[in-house]
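Some structures are shown below for you to check.
Each of the two complexes below includes chain A, the first together with chain B, the second together with chain C.
Right, the complex of A and B next:
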């Protein structure tokens, strides 16, 4: 093949290069999501996709509708900055239908924050669970909704 | 270093690290919560990634000794080196894709290129090296043979060679001369490209300035030099194994020359890595006590025994001895020493990659605590998969040798570039 009097190797390689670059450009046009760079360096529709997901958490205020006594108690105690769902788990389904149960917290929930860990501030109450109480039933002696209270 | 208690909440997250026994992750001293994971974020697959990339760069530089620097004694391994580089290049991104866990998304790095992400740029460095350097150089070198083989070989092979010809059937002296000239130019471009490819891998680690084990300006240079050493050693092994499989006689002139270049490369590599350590020890910055503990305790076997003794000192002694008293040693003794040295270097450089990748994740950012790593057997970061990934380039190389380095197929006989290009 003689094109512009160029050697055939060069002509073929030019054609192959054009083919590869062209395929890349076509693939890029087809495969790049249309909403890419809409808000930033990501697929804009990703936000809509996330918004379309069913909510998992009901939010602290929704608990007040039926459990106002516990809600008031919690907001007065040392755990007032915690949301109910921190210990009880995601509860949106429960807010829609009381039949949908909630997670019943066990000692593992308490130990997540109160197990001794040198990286935690000294002011934070910490215990070595095995030394503190091997029974694993924190609520025998503590009231999570009002930590200062003795049952 | 003050060793305190094992953090109970972390010990509770026992991970199955072996199919037979459960090993709890162990921490010493003060470790931040985000560092207290059962195993490091980067495991064996990230160790294999710079290892394979280094072998590519090293094997290519080995080939360029023939084409650019016209070391004619190495001609028997020219094509083998290039095919080795290509086989490993085709697998270079495999450990990364497996590590990330979504290999089907691999094209996205090219579709939406991000110019400030080092890993995204690596996609282009990789593409450049594969498409514009390796494949082009191989094509120019093989083109005349493809034309010949396409006429003589039937069936699938014939079709393959015809396809690889890209429709160029010109075998005139001028056309072949042009092939050689263009191949020579690409090889010249290929040397800095090979340095860029592997220097870039070193840069990815060296630019992590928050980690004193990695954040080091010498890192790209150390990576390139160790890549050259490992690549040449792999070519020595491949050449010796191939001739043994084919029951052929080893060209001792070629093997001696490879061993000589291996020795020189190893001397420079050992000197620069030694310089790095001298600098670290003498400057003894605030992180030095941690680095010293990692080097002497956590990585004792892989760094001192694997990388330093087995991968550097013993091969240096053996290859050095060969340089001094080569004529007094029999061919068999030299072959054995070369094979042992190359094998130890290949394993030693793997230990070096391990030390870099895993070593940087064995101490806390607090510089007051240490993590540990127990490699799994099965799983995405297990050594079984690591072995599989490492064996795939050799399988590809075997197929390529069958297709493009077959004894049955006559070659055109032209040397890569015995004389300076005159056209």
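Right, the complex of A and C next:
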């Protein structure tokens, strides 16, 4: 076998090189996902994979649809900036089908935000739980959706 | 080199051509199958990542350290049990300098029990010795020059065009380089999937028009979130930038974090 009068060992070397490079190119063409480099040096479809994850928290406005009483009440009082789900826990499943149920918190939720702590900003309203009416059941004197109100 | 057009020769040539004709679609089919396995996804349609630029800002002077954000992040993203956090809160306690010493400030104590998820206990320093104390929520700093994306050998960690830094779980080989590279400690190796994990800015939520879970539950608006490309009227992010002197964490590293902090002290790293 003599091509262009090249010595046979060179021809063999060329063939081996072409074989290696060729199989690399084939493997690359087959294995690289079409969306690689869609936006950059990564698989563009990875964005869609992450987008497809299901949310757990429905967002405050989603509660308005069925609980507009609580929604308007909350937005008038001292807790107007709070999201429903900070006290009630994740509610996306509940917004999709109300049968999923929703956590109904007790007075224990109040302390995580209102227990006095010197690290907290001075402007935030804090109480020393043990001293504030003996840490009694907060809901006897505060409506959770409108805390300045007495039930 | 001349060859006769024998019957055997012609047959061989025809079968070679046939084989080539069959191989082409077979290769196509093989490619399609392989890619289906690699890239199959059921993502949301109609969201164009090039049309948004999300950003977060932290107003630490408002943070009350209630831990709702860290707790919500864990629930929203199914972050594994144990000491794994995508976002967490740190408490900085700075003591008064020792009497007679010529220093401006005393010791700095930093703690983050369970990532601050269940709030913080009483101040570790008695009131008389306390100079000041505050909380700092931490998350992925969304660097402009993210070291984690630069070191990834397989293109599994990347800066998405809309500003999040994400991990492609199907591509991640779990080498852990990115965890070493992140100067803010925002990454961990998931004990469940054995891939790197981090804050995604709740990518699955923001692309649906929801706020990130931590921003949703923050009762005091210490976390501010918005889209730099599509500011809304009274955009909270623009208001924040306008009203605050901001700083970033570890600016000397040149990572150019896009998360701006207001109300933090020089001790915060």
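Assume the second predicted complex is superposed on the first by the 97 of 151 C-alpha atoms of A that agree within 3 Å, B and C clash if a C-alpha of one lies under 4 Å from a C-alpha of the other, contacts with A are read in each partner's own complex, and residues count from 1 in each chain.
We take it that contacts are C-beta pairs under 8 Å (C-beta built on N, C-alpha and C of every residue); 3 or more make two chains touch, one makes a residue touch a chain.
Worth saying up front: this structure is predicted, and the values here are computed from it rather than measured.
In the superposed model, A:20 makes contact with chain B only, not with chain C.
In the superposition on chain A, A:31 makes contact with both chain B and chain C. Legend: residue contacts after superposition of the two complexes on their common chain; A:151 is shown touching neither chain B nor chain C. Legend: residue contacts after superposition of the two complexes on their common chain; A:129 is shown touching chain B, with no touch to chain C.
More residues of chain A are in touch with C than with the other of chain B and chain C.
Of the two partner chains, chain B and chain C are each touched by A:41.
Touch criterion met: A:119 reaches chain B and chain C at once. Once the two complexes are overlaid on the shared chain, A:55 sits against chain C while remaining clear of chain B. Shared interface residues of chain A, touching chain B in one complex and chain C in the other, are 31, 36, 41, 112, 115, 117-119. Put simply, chain A touches chain C in their complex at residues 29-31, 33-36, 39-43, 45-60, 79, 81-83, 85-86, 89-90, 112-113, 115, 117-121, 124. For chain C in complex with chain A, the touching residues are 27, 30-31, 34-35, 38-39, 41-44, 47, 49-50, 61-68, 72, 75-76, 91-93, 118-120, 122-123, 127, 130, 133-135, 155-161, 166, 168-171, 200, 202-205, 207-208, 210-211, 213, 216-221. Residues of chain B touching chain A in their complex: 4, 7-9, 30-33, 107-108, 110-112, 114, 131, 136, 139-140, 143, 166-168, 170, 175, 178-179, 182.
Across the interface of their complex, chain B is touched by residues 1, 7-9, 12-13, 16, 20, 24, 27-28, 31-32, 36, 41, 111-112, 115-119, 128-130 of chain A.
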